[in-house]
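Order of writing sets the labels: A, B, C, D, E and F. Residues in every chain begin at 1.
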Amino acid sequence: MSNDRYTQGWNKLVEVDGEAGQRVIDSLASIAPDLGKYIIEFAFGDIYSRDTLTLQQRELITISSLITQGDCAAQLTVHLNASLNVGITPTEIVETIIHCSPYIGFPRVLNAMNIAKDVFAQRGIEQL
Amino acid sequence: MSNDRYTQGWNKLVEVDGEAGQRVIDSLASIAPDLGKYIIEFAFGDIYSRDTLTLQQRELITISSLITQGDCAAQLTVHLNASLNVGITPTEIVETIIHCSPYIGFPRVLNAMNIAKDVFAQRGIEQL
Amino acid sequence: MSNDRYTQGWNKLVEVDGEAGQRVIDSLASIAPDLGKYIIEFAFGDIYSRDTLTLQQRELITISSLITQGDCAAQLTVHLNASLNVGITPTEIVETIIHCSPYIGFPRVLNAMNIAKDVFAQRGIEQL
Amino acid sequence: MSNDRYTQGWNKLVEVDGEAGQRVIDSLASIAPDLGKYIIEFAFGDIYSRDTLTLQQRELITISSLITQGDCAAQLTVHLNASLNVGITPTEIVETIIHCSPYIGFPRVLNAMNIAKDVFAQRGIEQL
Amino acid sequence: MSNDRYTQGWNKLVEVDGEAGQRVIDSLASIAPDLGKYIIEFAFGDIYSRDTLTLQQRELITISSLITQGDCAAQLTVHLNASLNVGITPTEIVETIIHCSPYIGFPRVLNAMNIAKDVFAQRGIEQL
Amino acid sequence: MSNDRYTQGWNKLVEVDGEAGQRVIDSLASIAPDLGKYIIEFAFGDIYSRDTLTLQQRELITISSLITQGDCAAQLTVHLNASLNVGITPTEIVETIIHCSPYIGFPRVLNAMNIAKDVFAQRGIEQL
């Protein structure tokens, strides 16, 4: 049911993205609350709630996709935080970004590394 | 040394991509052998030979990046095979593609699923 | 309810995409039936079933997005047919593609025009 | 004639984009005035001056293309304003952005919605 | 004048793209002749006819852009031929494609190299 | 040898990118020094050190690729400076950006022109 998808999605969003995810939904309240609802229901209620892959694997996939897509600084900030939330280490995040180099080239990789640097600084992660 | 990077890279390429990877290098011999050399040395000798992430994690990242980038049917075919080679299951591949839906939309996801279907058929994988 | 979303989505898919849309869903049955379900429920049950925009406006938006994205020949074929299904004229389709020229350049526009040419030929549309 | 294309294009630019469009042209005066001339002559004198589609339809197509393309915040700001100038309602703009979700994913859609929020705020549009 | 732009553009198109360019224009005659007109007038009459850069430099820029953009196999085929037409050597074309590797990654580079291989074969260029 | 590639790459980086390139490498020291090493060794030690194309040609290719890719403001700033460093004139840079218009459309071209404007201002280039 739609209600269950929303509840399940919201719990998953809070588990994965934490406050940053809630702020995205809040920011939509005044302009497009339905978009926030779809993100909760479809992205988190349907997709993130599926089996087969762990949340760590799902975040690896997510950040690889965002790094590649480009122009996703805000979303990459949310999901680098999410990656740390679900137990991916800072070193693994850095390694994931480096791994993309032969596939997308250095410009997108450098952009992502700068965002990771900011996220780590905001969380007080100094020593990798 | 460059020599070591080439040898290490070649071994890693064979381990990960198998014959399909060798065919990519062979196809470059008559036009741009140096490009084949860089793929072996940099992509496989430098990057795939690093620690921190498993080959399974590296292939998850690779296929997520290729799915997102678009116009990578040949490379996605190689790396879906590589994913199977390093022990990712067909079900995990399908799940990885599905997971990208909220981030890149259905068109790129459908393209990737069609390629996965072809790869599975070529390898005689019928039942997921 | 999920059930209602599926039924509403299926009816909308049939109305808009016709047999071509059903073939997309059918092609997923053996590999990723859940992906077909999400396309029906989310894309058609949630999004296409909303008010505010007509189906003609929705198809204009869809084809503009697909033309711009690139590497969407299969999806563009489906949605050029869908555009005709909901009453957009061949001349309006051609005009939509031309309109994209200053925003995305001629290569993507030429690719889209070639696909439109094929779609028109398949439907026996000869004279614009 | 070139002269007529320029005049017709300038009038169309002013009609559609208003002051924001003129500022784009002005910003090019010191570095690439010919680029401003081409935008006026080709984009507005040739393309926007064609028949078959209304200006409202043309702006729907334009913003869908810009949302999809990514890294077009400045141009999307101009054309969300242009959309309002030619009579598209704020609710229709929001709906257009939401409609793109299944085709391009939530990241580009969220970026566009944030820009729409800024445009609406700048024009004093508070209640959708 | 519009007439002069067309004539100048047509001559430039024939000079640069040769028969392949004319075939692109011909292919548009039955569906969107105005698009062919804009390509001749704007791309070739306005842009390619400008000073400051040689035709060789213009083709280097063009193929770099097409390689990067992806999903441009048909246009890249035309412009690799055009590059040879204006005096860029096969070795310089191969080098241009290789040069893009650190900026866009190997997948787009491999796609472009395969297209170059076909173009060289079609023109009987065997030994680089 | 790896050592030679690093030294050759560093010298080439300094020659081409100047202080701006060194700042990119420095910015990676605390988070991903290996990424800086790969940029030096692969991009500059391997690729930029090759023959066949001049540094001016290489920078034309590089900026065309970055303009097309989008979301590369930082890298485009570095390489517009690099273009000037290796002897490309401001007028040629402006012309290169204009040349991309028919291939990628005006939005990416306008973004690039704005960045060029900033680079020229920072270097005190006022009169083209």
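The criterion applied here is as follows: contacts are C-beta pairs under 8 Å (C-beta built on N, C-alpha and C of every residue); 3 or more make two chains touch, one makes a residue touch a chain.
All values reported here derive from a predicted model rather than from experimental measurement.
Counted as hops between touching chains, the shortest connection from chain B to chain D is 1.
Comparing the residue numbers each copy contributes, chain A and chain F share less than half of them at their mutual interface. Of all chains, D has its CA centroid at the greatest distance from the CA centroid of chain B.
Chain geometry summary: the mean Cα position of chain C and that of chain E are 30 Å apart. We define each chain's centre as the mean of its Cα atoms; on that basis chain A and chain E are separated by 39 Å. Averaging C-alpha coordinates per chain places the centre of chain D 29 Å away from that of chain E. The set of chain E residues that touch two or more partner chains comprises 34, 38-39, 42-43, 47, 50, 66, 69-71, 75, 98, 100-104, 106-107. Taken pairwise by the contact criterion, the protein chains are fully connected, each one touching every other. Of all the residues in chain C, the ones that touch chain E in their complex are 70-71, 94, 97-98, 101, 106-111, 113-114, 116-117, 120, 128. Against chain C, the residues of chain F that register as touching in their complex are 100-107. Chain contact summary for the complex, chain E toward chain D: residues 1-2, 5, 34, 38, 42, 46-47, 50. Looking at the complex, you find that chain C touches chain B at residues 24, 27-28, 30-32, 34-35, 38-39, 43, 66, 69-72, 74-75.
Those residues of chain B that touch chain A in the complex are listed here as 39, 42-43, 47, 50, 52-53, 57-58, 60-62, 64-69, 91-92, 95-96, 98-104.
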